[in-house]
Every structure is written in C-alpha cells, then in structure tokens.
Amino acid sequence: MNFASDNTAPVHPSVLQALAAANEGYAMSYGADPLTLSVQDQIREIFEAPDAAVYLVATGTTANALSLACLGAPWQTVFCHRHAHIQEDECGAPEFFSGGAKLTLVDGAHGKIDPDALKLAILGEQTRGVHGVQRGPLSITQTSEKGTVYSLGELKALTTMAATYGMPVHMDGSRFANALVSLGCTPAEMTWKAGIDAVSFGGTKNGLMGVEAVILFDAEKAWEFELRRKRAGHLFSKHRYLAAQMDAYLKGGLWLDMAKHANATCFDLADKLSKKSNVRVHTTPQANILFADWSRATHQKLHEAGAAYYLWSGDLDAGDPDEMLAARIVCDWSASADDSAAFLALFD
Amino acid sequence: MNFASDNTAPVHPSVLQALAAANEGYAMSYGADPLTLSVQDQIREIFEAPDAAVYLVATGTTANALSLACLGAPWQTVFCHRHAHIQEDECGAPEFFSGGAKLTLVDGAHGKIDPDALKLAILGEQTRGVHGVQRGPLSITQTSEKGTVYSLGELKALTTMAATYGMPVHMDGSRFANALVSLGCTPAEMTWKAGIDAVSFGGTKNGLMGVEAVILFDAEKAWEFELRRKRAGHLFSKHRYLAAQMDAYLKGGLWLDMAKHANATCFDLADKLSKKSNVRVHTTPQANILFADWSRATHQKLHEAGAAYYLWSGDLDAGDPDEMLAARIVCDWSASADDSAAFLALFD
Amino acid sequence: MNFASDNTAPVHPSVLQALAAANEGYAMSYGADPLTLSVQDQIREIFEAPDAAVYLVATGTTANALSLACLGAPWQTVFCHRHAHIQEDECGAPEFFSGGAKLTLVDGAHGKIDPDALKLAILGEQTRGVHGVQRGPLSITQTSEKGTVYSLGELKALTTMAATYGMPVHMDGSRFANALVSLGCTPAEMTWKAGIDAVSFGGTKNGLMGVEAVILFDAEKAWEFELRRKRAGHLFSKHRYLAAQMDAYLKGGLWLDMAKHANATCFDLADKLSKKSNVRVHTTPQANILFADWSRATHQKLHEAGAAYYLWSGDLDAGDPDEMLAARIVCDWSASADDSAAFLALFD
Amino acid sequence: MNFASDNTAPVHPSVLQALAAANEGYAMSYGADPLTLSVQDQIREIFEAPDAAVYLVATGTTANALSLACLGAPWQTVFCHRHAHIQEDECGAPEFFSGGAKLTLVDGAHGKIDPDALKLAILGEQTRGVHGVQRGPLSITQTSEKGTVYSLGELKALTTMAATYGMPVHMDGSRFANALVSLGCTPAEMTWKAGIDAVSFGGTKNGLMGVEAVILFDAEKAWEFELRRKRAGHLFSKHRYLAAQMDAYLKGGLWLDMAKHANATCFDLADKLSKKSNVRVHTTPQANILFADWSRATHQKLHEAGAAYYLWSGDLDAGDPDEMLAARIVCDWSASADDSAAFLALFD
C-alpha cells in the first residue's frame, strides 16, 4: 500500500535485463556507444523530430535546469506555476544552472497555469527597461504537480501567448507518459506541434532507475547543452547504462504501458474512493495522481495499517478526529490491484 | 584488447545482482532508504571515521566539484596539478560549482605535485591583499592522471604545507582503490591520517555503473553539501540503486579485489612490454595505468588489429614509421589474461 | 518642476567643494587614504557602532546586493516586499551577487511588508527539507518605495519575527535620511537597536554624486565583503573621492538638513494638492514621495507645461480625459519653493 | 616624490570644473542625459567607429570583466598574459562576471604576450572535446603591466592568430592613452583596425576620478552589456557626473596631453637614472612606467626621504645593503619636474 510517490517504486524487470544485456565487454564512454546513438534515434523517431538534439541525464531536476539554462539568460525570468517543481522542489537549481535567473510565479487552479494570470505576469515583467529582468522561458509541467493534464488546446493557448512575447517554452515532463496516454495523442502533438521548444522527457518516475531525456527541438543550442551538462557533472562516463534503461523503456511501448497501468489504477481508486461515504475526491484524476479528503481519524487508521501517502494538509496527530484532511495518492507503474483493494478496505 | 580507459569496462556481475536484489517493492526515496544508511555506515567504518559525512553521487566530476565548493569560496584559488582531471577534463566544473573560483596549476613530474613547486605557487598567490584571489583548497589526485601513486610521506608533506597556509585538502580518488592496494595501507592512513579533509572515493572506474562517494571527515559542511548536491541535480530520487552498487562494491572487499586485479594486470603487462626490444616503458607502473613508447608503425599495426588505447602523443597516420610515440594503457577490473597475451603477441 | 526622482537632482555645492579640497596632491589608493578612514570612523560614531565594518560603494544596487550576498547563501531565499527595489529595479543583482539565491515576495499595503504576510511567507518556505531553498535574509526598505516609513515598532516586529526563524535583516536605506528625520529618532535606534544587521546607507538620492555606505554591525563578514566588493569591480582606486562626498554629507548634519528640506517640500506639496478639488492624494506622505491622482487631461496639461514626474498608472495619451491616473512625485534636497508654486499653479 | 601608481594622483582641475558645470539643475538619470549622449558620440568619432556601442563605468576591473563576459561564455577560457591585471589584480572578477570561465596564462617577456607562447596555449586548450573548456577571448593589455607597448604589428600578429581560432579580442586599455601617444597612431589603428573587438578605454589612471569607457566595435552585444552592467550595480543613476569627467578628458585632447606629459616625465627620469652609476634601468620605457634596480641601502635612503614607489622584488629591511632590488616607478599626468629632480638628487 505505497502511494507516496512514483519515486518509491521499483524499476521494471526489463530495465534490469537491459542493464545486464548492455554489460557485455567494452563500450565507448561518454555517450559514444552504439546503444546511446540508437536511443537518440528512437526518440527522434517517436517525436517525429529528425533534427532534434537528444540527451540523457539522470535526474529530472537536471533535465529541467539544463533546458532552462539553454533557453534563457541570467538576466531573464522564467515563468512557471506557483507550485511548479522547478520552484518548490529543486532547491534553486534553475537559478544555479542559469547563473542567477529569476522565476516569476503564476497562479492557476489545479496546478495548471491560468492563461489570464500568465498574461498579467508577462505584462508585469520587462516594464522597466534595463532596470528589471527580461522575459525568459515559459515552463509548463505536463502532468502538473496536482495530477492534472493540459489539453492540447490549453497548451497551445499558453505557447501562443509565449510566442507573442518572444518567449521559448519548456515542458517539464517528469510524468510525460502519464499525460500522453491520458490525452491519447502523439508525442509530437503534445510537444513541438503544440509550440514546445524543449522537453524534459521523464523516465525515472515511470519505471526507470534514473534516466530522463532532454529533447531540444531546435538543435542550435546542442553544443551549449553538452558543455553545460559536462561542467555540471552530468555527463556519465559509462553512458551505456543510461541508454540501456531508456532503450528498455521505449521498446515495444513499455513506457506507454506502464503509464496506462498507473493511470488506470488511479482512475479505479478514485472511482471507488468517491463511493465511500467518508471520502471526498477533489477532482476526477487525469493521470496517476489523485487528491482526496478524509478525516484525521481515518488518516490515523490508515497510517497505523501501513498505508503510505502524503498528508497534503494539516497535522496527523493533533486536532479534531473528524476534521477532513487532504491526502495525495500517487499510483506508479507497479501498483497492484491487491494493494488498491487492501487500501480501500481500510475505509470500511 | 581494450585498454582505452577503465570507463569503457563493464560492471562487475555482483553489481547487477545487487541492483536486482534492491529492486524489491517500495523504498524511501532521496537517500532515506535502509540500504543507503547501511552503505554510509560501512564507509564510515572502513575509513575509521565515525563522525564523517558520507554522500553518494553518480560521477567523479560531481564528487570533486561539490567537495571543492564546500571546502573553498568563490574568491579563492584551488591548487592542483597542471594536468589534474579537475583542470583538464571537467569543462570548468570546479569554477561552475564554486561560483567562479580559480585554479592555480602546479607542476610536478609524473603527474604528482612537486612540493617545492607547490610552495612557490602558494607563496605566489595572496600576495596582493584584496586585489588577488585568496588561497583555497589543495586538491591531490591519488592515483594520479599519470598512474603514479603518492606515498604516505609524500601526501603528508603536501598536506602539512597546506595546513601551514590554512588550506584544506581534497583528494580526487577516482582511482582510490588502485592507489590503496598499491600502498598496502588502510583507507584512514591514506586520507584523514595523512591530512586529507575530503575525498572523492571512486567506484565508477573500478567496476560500478556510476557511483562515487564523497566523504567529509569534518561534517561541519554536511548540510551545505546536501543543499549544493540537490540544487546541482545530483540528489537521486531512487537512491537505493546508487546504494546497491556501493554495497556490492564494499561487500567482501570486492573493491580491493578488483583494484588488485587491475593493478596486477598492469604490472604484468609492463614487465612483459619492457622485455620487448621495440618498446620503452616510461616508468614502472604503480597502479593500473602505464605509459610506454613504440614506433608509429607498431601503433598502426596494433590499431589495425583492434587494440584500443590512447595515443598519448603524435599523430597515428602522418610521419616517420620509426618515430616513437607514447601510448597510455589502462587496465580495468575485467582485464583478461587472454587480452594481455593477444596484445603482447602483436609486438612480435 | 522636476519631481521625477531624487536621481535627477544635482549634487549639493558643498560636495563639489569637498571634491576640490580632496584633490590636493597624492593620496593612498583603494581606501587607505586618511579621509576614508575618517569617514568610516564618523559613521561608526553616528551609528553608535564602534565595532561595525563600514564600506563605501557608488550605487545603491551594489550596496544592497553585496550586503545580501554576505548575509545569505546561494541556496537561500531573501524575503522582501513584492515591489522592493531589489526585486523590481536591480535586474537581478541580488541573484547575481549571491550566486543564484531566490527572492520571496511579500505583500503589504503602501509598500510596507505586512507582518502576517511575512509570517505566512516564512512558513511557506523551508518546508521541504533539502528540496526547497532555505530561509535567508529579510530585506526591509526604509523609506519604502511608496514613500512610507516603518515606525520603530513596526521595524522591531519584523526583525523579531526574522530572528525567531534565524534570519538576518538588511535595510535598504537608499532614502535612509528621509525616514530618519521623519521618525525623529537616532540612526542607532532605526538600525541595530531595532534588530537590523546590515544597512545600505544611501547618499546618492540625497545630494551626493554616487556614494552609499554599507554598515555591517557585526564585522564578522568584513573581509568577505571586501573580497566580494573587489571582485565585483566596486573597489575604487581613487577612493578619496567617494570619501570626500560622504565627508561633506555628514559634516554639520548636511545629510539631515537635505532630507528635512526634501520631506518638508513634499509635505507642503501634499497639503496644497489635497486642497485642490481635482486632486486626490493617496495618503499623507511620511518622507519625500507622494502619490496622487488627477485626471488624464490634467496630466496632459502638466506634461505640456514641462512638469516632470512619473505617471504611475495608465496611459498619458490614450483614454478618457476625465479618468483619474496616479502620479508619483519625488521631492529632492534641491527642490525649490518656486518650483512647487509653479507646479501647483498648473492645477488651477 | 610619489611614483607609487597613477592611482594615487589627483584629478585634473578641468575635471572638477566639468563636474561643477554639469551640476546645473535636473538631468535625466541612468545615462539618458545629453552629456552622456554627447560623450558617446565623441568617442565614436575619435575611434572612427560610428556603429560602436559605448558605455561608461567607474572602474577598470568593471570595464574588463563586463567586456570579457560579453565576448565569451562560462565554459570558455580567456587567454591573457601570466601577469595581466585581470589575472593578478581583480580578485577573480572575470570569473565572477562570466559565471565561472577560466583564464589561460600565457608567458612573454616584459609583460607582453609572446606569439609562440600564445599559439602553444591555444593549441593546448580545446583538445578534449566536451571535457575541456573551450577557447574564449584573448585579452591584451596596452600599455602592459610592465610598462611596455605592443607595436601595431605585434597587435596584429596576436589578433590574427586569435581570429584563426575564432577567438574575439579584448584590449585592457587602463593606460590606453599612454600607449597611443607612445605609438603615435590613431585610436582606430590601435584598436579595431588592429583586430580588437572591445576595448576598456581608461580614464581613471590618466587624470579622472573614476571613469572608463567600454567600446564594443560590434554592437551586437550592446543590450546584453547593458543588462550585465545593471545587474552588476554599475549603472550609475546620476550618470552625468561620469559623462562630465569623460567630456573634460576628451576636450581639446586633454587625455593625450596628460599621457604625453606622464610619458615624457618617465622617459626623462629613465634617461637620468640610467646615467647614475648605482642604478640599472631594466629597459627603455615606452610609456609612463619604468623598472630599475638599485641597492637595498639606496632603497632605504629613498624610503626615509619620503620617495613613494613599489619595491618590486625583495625585502626593504632585511638583507645585504648592497643587494640590487627592483623598483617600479609610475609617472602620472601631474608629475612635476621638481619631484623628479628631488628624486634624482637622492641617488647622489
């Protein structure tokens, strides 16, 4: 019964097999091995982007920070949701990698940037000439931190606005696959066809040990990216083991299958939880994350029974037993029906 | 016949087994898992340093740059060998992580810092008050880039000098194990007992996929290290897979066995090469790297036969066939007697 | 009729005289001249802070950014008002000097940080351990960007809260003198006695060419400050000309006289404007800045008549002539009664 | 008898007059005043560079560091003389402003970069692909720190080599005027016609309080320069006082007259010193700096008599009275014949 995060899940068995298979004899280091080249080609094909620059890094923070550093400049501000991972969970990585850029925080319900709020934010910056920071990249999180998914229309509305003001657009896709299968569109449709310039294409949260791809649809900054990656310590010498993971991920659409399973588990859980009299599901989930309220007493009971998830508001121990407190439930690729059933049973 | 680098080698089978074993069910993320805690304890025990702060990162560049950033300040200069990895092979990582520190390059034969040259370099800096950068950490590479190993006496001479000028000392130990088994001393003797304040304890070059430990013998900067690591994108969410590798590395002294094998292969190769009439071995190797000269014609013959190693000087294709050109030969944990024999046979 | 900014004003004649007087023969460079030492002592005496470190720099942005870099760390966030100069008017200087710190923006009416909003902001940061940035310095602007002045009680409320969370406090005093004479207290009372750790003591806006002092009440970071200043290009070689300006500023309380005059001019203007039927003064000014509304048509008339001030909202040219638009009026040390009278006459 | 540095000299009286003249009434701030615009035009005209971007800053370190940050990138290395001001006297300013670039130190006699040494240095960098830093700008100091002057041919040899490797060229001209009058060429000939891309055009050492111009002959990076200047705290609000100094400097060729006087004083001093039996002048000076040896006893005598200059080698107090020790003598615009005579008399 672990719904704490998709980071706490194991990796898919085929990833281990791929690592073992890649472990034969010698291979060129630093990404010059055939497996890396193959994976880069596969990603270009999957994204229908033959000219894109594709790189593998080991963490999502790195994928985001390197992308934003390439898209922007130190004297710019990155526009993102007030609760974006790059703002709240990366200890200032965008600031560090960029050499001191700002983040401008934009509001929006359910973890999604509100277009009107974005417009106000954009208009609010770069109004003082050289005295203020300049408008830099827009960063959109798909799937958002609240588990919501931008529709293609919503994406286009945001990227069109960014384009109007000359701002490039980055997509934090640490849960890219979950959004993609939710929308039922192609990777190209959810990225460059929707106006995205660079994407952090996540693997770690969806069944890998630690691999994310960065895709720069315009390869102009490719060499800059490589130099930034190296000097940030993110160029792996035994690069084949990053490539092997990503290769397993892509093979036969495993990445999509894992995301579908995670989403389906979440949808099922939401459905069943919503039928419990003592549970209030916030909104119908769109990917593999759901938020719901139940009483402190129920939280305590679940906690004692070993159910793992984030208490999103309030204090587990102190307060009225009947007070409703929010929970964040994340379903990962390995989530089992048994776990869901056991979890649900605790509400009875 | 691959002697190009210890980075081109595969990982030890027990590492793969450890990854598989660690892949059971859920585990706390970001280093809060039991395996990580166990590995940290094991390292403290191996280094006889119960109060040390121990961290795992994925690349040697990161281990070095984070250590130096914690030991120094942006307005300082790091003293290192002119051909140190931090100077030549990290694309400015120490400068990036530190926020713009300098490196002062010190000469010395065979890749080792000469104490007199170091003293001159130290005296040459910080002579202009606020106008010049201030003396910062000394970084020593053990095993050096030239495959040589500092004796304990040599280490102490350098660290004593550093202490005289108030400078902390970092050890780049990407080939720590190779030096250790060469000296036949304990990890404590080669580090804190010899005046080292922080060490990059390498695993990647010696049989792991990509794990290095940083050991801060004085834990005062532990929290700063953790924040720097996080904001540099080097805190792994699925941290257990770093820990599993390091656990396998330490178990039963595997790390020492692998280093002994690599060194022994190198010593044997040097011995046999030195008996070839057409080969001139530079100096008796002390670890797993040897340098030797042979003619361009021989290089070409070896190259065509598929022998992989670095041509350390000159041009393979253009020039006098009899001209002697240097080769760098690196023996890794997986080096086979058959490979050595096949390689040697090419000289006949 | 120039009320655009105190930056557009000339310098006081005695400043020019002091420069001429300082221009005799040779003097030690880089701040080792007797005049600099004297000025540092004078400031220590005026602030009743015999152990403080005192430095002169040429711009307010520099004073702020160097102070904050010394008080904080790259992985921290600086708390400041949403419309603070360090946020809106320094093109990311705090981020640049600090090496990538964040700013957390706090609301509050009339340009002053609201204590409740500050508490919420503080509680909102550093809730995610190593994942988020850490709490750093609080920066308070006295006089605020809206021309308001924190009372001593208000200052203490904010600094006490900061102290509770271990946060040092910086005061951006680019209009320090205007606030001081408004409160009628001593410099010590408005700074270290109120819990301020470092102050940017402004001179440029109040009659100098370009000199601000930074006072670090705890001199522990004095040497760090000097190194940061030097490497940022802010250590003047012919330092005596900074010192001469500051010397003239302090002599006989000129700085206080100039601020009193500027404030009095502003109070008088506010009083008379408030009696105009077509003017709405926002709040009674506390220093040398006032905000007021009048119609677009009046703005146009004033503009044509050569009155200089900032249109704080709306568009001068396009829109309903009767629409009320805000103006910012800044009175400087040289403001003349004739100018005020001429300006007021335009409203009739 | 002050020959310590041109930084210890007073400013020319006409500079004070210009400041007074500029102090009439209100003026636009931040460089939008007419005097600034006029000065920029004058500099463009003097340099025959109608499209150049021209900026005023207050210190030479700033002029250099901002220029180099615009010409290069964080992952590059700046080539400069081993004893260049940017290496030895700016406390890491180029590293700070650039975001962590390196400096590659090039040897050369008498403070001038040796072309062969430069070629070797260039060939030594960027040999390892992404692993090493990339070749960045070349910085040439004219007049050099040793008081020597590059001929136009020497300049072209260096800039041509830089161009071959795609490297832009910066000139640190803190003593630009002294070199120019020494060569007897035009500003254009010594800069863009000789292959210079950006120049720090010094004023402070040659009679101003603290003003240097940066000239970017290619204005492509003009806006980047302005943003970097602002966020580094180097955009002066009361900008007219920088402009007034530069205006006086240029008016009637005052800058050239002052440099000629300083050089002539130096030449005369060298001539007369070389005739003293107990003095050994190093090389015939080319600008306003000379180096010469005399005995420790003579140094002590001069020191007691109040002669101020830098002891360039050895210890004044301890050692053989007859040992020859080097002195650095700098002649400034205000150097008097009486001072020279008094100084020379001390050698008899």
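Labels A, B, C and D are assigned to the chains in the order they are written; within every chain, residues are numbered from 1.
One rule holds in what follows: a residue touches a chain if its C-beta (ideal position, glycine included) is under 8 Å from a C-beta of that chain, and two chains touch if they have at least 3 such contacts.
Small disclaimer: the values here were computed from a predicted structure and weren't measured.
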| item | value |
| --- | --- |
| Mutual neighbours - chains that touch chain C and chain D alike | A, B |
| Label of the chain whose CA centroid is most distant from the centroid of chain B | C |
| Geometric centre distance via CA averages, chain D-chain B, whole Å | 42 |
| Whole-Å gap separating chain A and chain D, where each centre is the average of the chain's CA atoms | 51 |
| Chain A and chain B: spacing of chain centres that average the CA atoms, whole Å | 34 |
| Inter-chain centre distance, chain A versus chain C - centres from mean C-alpha coordinates, in Å | 42 |
| Multi-partner residues of chain D (each touching 2 or more other chains) | 30, 74-75, 90-92, 95-96, 99-100, 130-131, 227, 230-231, 235 |
| Contacting residues of chain C [partner chain D, same complex] | 2, 4-5, 7-11, 13, 16, 19-20, 23-30, 57-62, 65-66, 90-93, 95-97, 204-205, 209-210, 227, 230-238, 241, 308 |
| Complex contacts: residues of chain B adjacent to chain D | 74-75, 77, 88-92, 95-96, 98-103, 128, 130-133 |
| Contacting residues of chain D [partner chain A, same complex] | 30, 73-75, 99-100, 130-131, 134, 224, 226-228, 230-231, 235 |
